[in-house]
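Per-chain residue numbering starts at 1, and chain names A, B, C and D are given in the order in which the chains are listed.
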Amino acid sequence: MAMTVPDLRADVRSWLQIGLWCCLGFFTFELVIRSWPRPGSERHSNYLLSAAGLIDVLALLPIPVALLVGVPPETAWLLASLWLLKLTNFAPGLSLLGRVISLEAKSLESVLVIFLIVLLLAGMALHVLERAGQPAKFGSLPLSLWWAVTTLTTTGYGDAVPETFLGRVIAAMVMICGLGVFGLLTGILATGFTAEHRRRDFIRNWDLVTRVPFLRNLNPAAIVELTRMLRRLDLAERTVVVRRGRPGDCMYFIVSGEVEVQLEPRPIRLGPGSFFGEIALLEGGPRTATVVTTIPSTFLILEVSDFRAFTALNPDLARAVEAEATRRASATMGKTPEGQ
Amino acid sequence: MAMTVPDLRADVRSWLQIGLWCCLGFFTFELVIRSWPRPGSERHSNYLLSAAGLIDVLALLPIPVALLVGVPPETAWLLASLWLLKLTNFAPGLSLLGRVISLEAKSLESVLVIFLIVLLLAGMALHVLERAGQPAKFGSLPLSLWWAVTTLTTTGYGDAVPETFLGRVIAAMVMICGLGVFGLLTGILATGFTAEHRRRDFIRNWDLVTRVPFLRNLNPAAIVELTRMLRRLDLAERTVVVRRGRPGDCMYFIVSGEVEVQLEPRPIRLGPGSFFGEIALLEGGPRTATVVTTIPSTFLILEVSDFRAFTALNPDLARAVEAEATRRASATMGKTPEGQ
Amino acid sequence: MAMTVPDLRADVRSWLQIGLWCCLGFFTFELVIRSWPRPGSERHSNYLLSAAGLIDVLALLPIPVALLVGVPPETAWLLASLWLLKLTNFAPGLSLLGRVISLEAKSLESVLVIFLIVLLLAGMALHVLERAGQPAKFGSLPLSLWWAVTTLTTTGYGDAVPETFLGRVIAAMVMICGLGVFGLLTGILATGFTAEHRRRDFIRNWDLVTRVPFLRNLNPAAIVELTRMLRRLDLAERTVVVRRGRPGDCMYFIVSGEVEVQLEPRPIRLGPGSFFGEIALLEGGPRTATVVTTIPSTFLILEVSDFRAFTALNPDLARAVEAEATRRASATMGKTPEGQ
Amino acid sequence: MAMTVPDLRADVRSWLQIGLWCCLGFFTFELVIRSWPRPGSERHSNYLLSAAGLIDVLALLPIPVALLVGVPPETAWLLASLWLLKLTNFAPGLSLLGRVISLEAKSLESVLVIFLIVLLLAGMALHVLERAGQPAKFGSLPLSLWWAVTTLTTTGYGDAVPETFLGRVIAAMVMICGLGVFGLLTGILATGFTAEHRRRDFIRNWDLVTRVPFLRNLNPAAIVELTRMLRRLDLAERTVVVRRGRPGDCMYFIVSGEVEVQLEPRPIRLGPGSFFGEIALLEGGPRTATVVTTIPSTFLILEVSDFRAFTALNPDLARAVEAEATRRASATMGKTPEGQ
């Protein structure tokens, strides 16, 4: 995409054009398929009007239109960069960002008002102060506002710089305001993003927790607390989950899939609803066995700090985990003589 | 406003002036009306002395004064940008910002002291180090301070750049201090803004919660917790609140207004104090019906994550919601045969 | 101080010098007084060795030393800017900042290590890539590091700019790393500052709370919670605390001082341990009376949102406040006929 | 390292080379030792494949390879700056940062996607708008992207500045987007870093708390709460922990080591499991005695604000501390006559 512009040899250029035409064709085909009216369904109109559909149309249409209108091809193909918008469908964080912005709209709006007021006042002041000395740079209000924007965002190109004493004092205040505006913006976005993220994780983890019988039977308040602590982990098959001898800092609940605990005489297989890695948490030592997934698996991870905080308030879990650990240890002990 | 400055044709200019005079007249009229002494009331003096009144006066007076004093009209009309200050009355966030600044005054003050100390020390050091090599840029302390401000705020115009080795080392430290000062400022403003925002939302939501009988009857601790979780939503009439088939991520309590649940045989209308959207939360599926407002309505929204966390600790709400849902479902079932 | 440098007329300059000598004399005198050995006390040595004493010495000594050594007076007097350090004794936030830095030393250190590593790698890479094209700007590693510092802190003077394609790609990555380093620094400082601030407020408020009998008699857990919610307010005498007719958003506990509630027939005076402003919180209306301090007073403020959250969990306070409000209202009622 | 580049005299240069060869030799030796296969152990292969081993190899290999390939020595030795990477083994914060980045990968990824989209759209727009006026700076998409990167990160070199009106409006929007992206990045990294730090501190403190019998006997929920409040402090021998007469703001639990409380008649020694500094917290006055370590010691510090908040909810600790304080006071009283 970026190659369309610089001075290239003619053949590279033509190959690129062919590639671009192919992409255009493929995307058009994809769009037609997706939006094709299916009998008995009323979703096709939805697709073209949905956010994803609009982006697809927006990415496709401009190029042929530009070529038809007579724009030179070099310029027209630049519109291919709009294809990048299709990426947004794959970035889950973007919808999150959208929600944060809509939720915090009022705060963001008032920061924007502050931004605009400082901008206009600073632009006006500098225009009055500097237009005599630097007519080319502060001679009109728009020029002056351009300076104000670069300064307030602390970008500071340096193409227009105040030269009078008062102008510089005001510029210094604008910069400090810039830091403040920046701080507010950061605070609002960061707080909103964090809260929204936590909410989304909670919902996803809740579904996973209810699939583990061992956790599902806790009392509701404990489940809520645990849902906030757990973290999801997806692993491919034949991946090492914990390695023997490494320090243990968390335990694992199996939501789906299967793992193999590589114990000495004979490995044990654990399926959905089981847990492992609890010995390191209970006794504080290194991992006693290597655990490997046999099929693609999903786990819920409980960190050692959360485990301790949680079991202190909910001794049931600790007791249950300990009972299971003891049971498993004695089973292994019992098996070991047989196995050898 | 911005049009007054660039090179314009004479007729555009004169039209603009007429427009500006009209605005000036209107604002004066508005100010006079608002501050007119009403018999039996002592509020008129208050208005002129209040923040809003002061801003009004500040936005109006300078222009006639400037014209009388003999300032050329182009400059005088620049003062019209002060009218922008009147916007502040409409931005609720500004009063919030004012409160944050007054509450965090001590923290902000000490950050400012740090800023000033670093500024002066850096300015002095660079003046000593660079004045020999660049007298035009570091030859006096104010010039040197100008450099220090642009550097400490990480604006970096590049009009004055240290050239000695030691000067550059100090400049690097100033930049890092700048990041630190920035971080502190961001932290203080962001924390204060977030806390103040939450407080304001709490008060507003509290009033709304007490208007929903269903919520008002919970125990006080639960009301407080719920008030922190709920979010307000205002919708115009004939707006779709939830759409059938979409994933459900929250439930709605009607504070005021009315909605129509578009059920198959016959739509149901729900008034203030009712709730809807709970089925998606209880069963986790998509929305089962489209809901549309009939008049402008205000809702309180409870997210699914908050609903689960809350009902785990307060099973009463879950039971009540479930009972209502069952009642409504059976009512619909009962009606369906009749309706068809 | 700043006036010593620019081109000034000789008489202004000499007046300034006299002023500066006076200041120097005064500070020396002050230092001698403070550090004079008092009989029977061993604190004098402490003073010179304490932070405040060291700053005093550091601010005084350099100037005479510089003059004796033969430095030209203009330069020597620049050291007067060190007097600014004495300001630090008045900024309570600085000791706070010091504590934050010492508590978060490990985090800050690791951010600094990241900063240095990125700096050196970027400096080295750019030196290799750009030295052929721009020997004056990237010809040596220190020059290259100077560029890296200005870029990594996003200051961007623009005095040295990479021109090769690869150099610019690396520069872009350095800028993004800069944003990241910045973010970490901001996060660490902001979190630490906020936590430390809250801790300090808690200790101060605790002392004040224990002076209000009404609050002291709550159960300990409630006191802790309340201490976190209250905010201190110091007002001079004859200052309006609440104004009649304004919306009420908080109530006040008097820690020390006295206020006059300007009720209609006869004003009431309230002393330490009393509270006022509770009617607006209980009933949600505007202030019913203006309250003015008679002597300098200290209050503890409880916001309406905190009041509601707190009383929901601790109904005792609400009942006590309500009882007092009723008692006061009936007393006023009873007095009114008498008063007129 | 940095000395290899500038114009130096030949002898300094040769000495430097010898020094560098020595370092190279030492590091090679160190690497060989560490990775030497030990009989009966399978860890040697692990070392070379572990993160630390990879860094060691990465720091060593490039230099000889470069020299062999025929790169001029000045350039080859620049690779010595890779030795800096070995520092990372000593910075505990780096592994923390690594974990934060892996945990927040999804959020960071979506911020990056936003960054890239804004970048490409801005680059394309500016290329179209400015290429006519400034072909040297915006003539190709890569050039235009370079401008977009410097602007979006608010670095603002000023080497390429838009000159058309529309170009500047877009540039202003890019700068504001830059602030937003920055804010998101800061928020994600700061939140993640803080959470991870707290988790790590919790685990470390837990181990220490369980070594103090006095704390270990509290109920589990109290231990969890206390573990979150305590802070670790390591001091060398003969260091003053608290000084008589200073205001007291925390109490100390001795995890390991020994201190001497310098009481008047005869100093007392306290060993692991003891605590001191509680009088200032219980009574609010200054420290009553100086305490000095006799051997290197580890303490857990409980701030006064946390002490009050904790004891309000857990009166047991307060009672126990008070009982111990009384016992100690009476013991001292009893000893004083004897001692003299």
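Everything below uses one rule, namely that a contact is a pair of C-beta atoms (placed from the backbone, for glycine too) under 8 Å apart; a residue touches a chain by one contact, two chains touch by 3 or more.
Computed from a predicted model, the values in this text were never measured in an experiment.
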{"item": "Any chain in contact with chain A as well as chain B", "value": "C, D"}
{"item": "Same-residue or different-residue interface between chain B and chain C, half as cut-off", "value": "different"}
{"item": "Option in B-D, A-B or A-C whose residue-number contact pairs overlap A-D by over half", "value": "A-B"}
{"item": "Between C-D and A-C, the pair with more C-beta contacts", "value": "C-D"}
{"item": "Centroid spacing, where centroids are CA-atom means, of chain A and chain C in whole angstrom", "value": "35"}
{"item": "Inter-centroid spacing, chain D versus chain C (mean Cα positions, whole Å)", "value": "25"}
{"item": "Per-residue overlap in chain C, given as positions that touch at least 2 other chains", "value": "142, 154-158, 182, 186-188, 190-191"}
{"item": "Of all residues in chain D, those that touch chain B in their complex", "value": "154-158, 186"}
{"item": "Interface residues, chain B side, partner chain A - complex", "value": "1-2, 4-6, 75, 78, 81-82, 84-85, 87-88, 91-94, 96-97, 115, 142, 146, 149-150, 153-159, 181-182, 185-191, 193-194, 197, 231, 249, 284, 303-306, 308-309, 311-313, 315"}
{"item": "Chain B-facing residues of chain A, complex", "value": "103, 106-107, 109-111, 113-114, 116-117, 120-121, 123-124, 127-128, 139-142, 145, 151, 154-158, 161, 165, 168, 171-172, 175-176, 178-180, 182-184, 186-188, 190-191, 199-200, 202-203, 206-207, 220-221, 223-224, 227"}
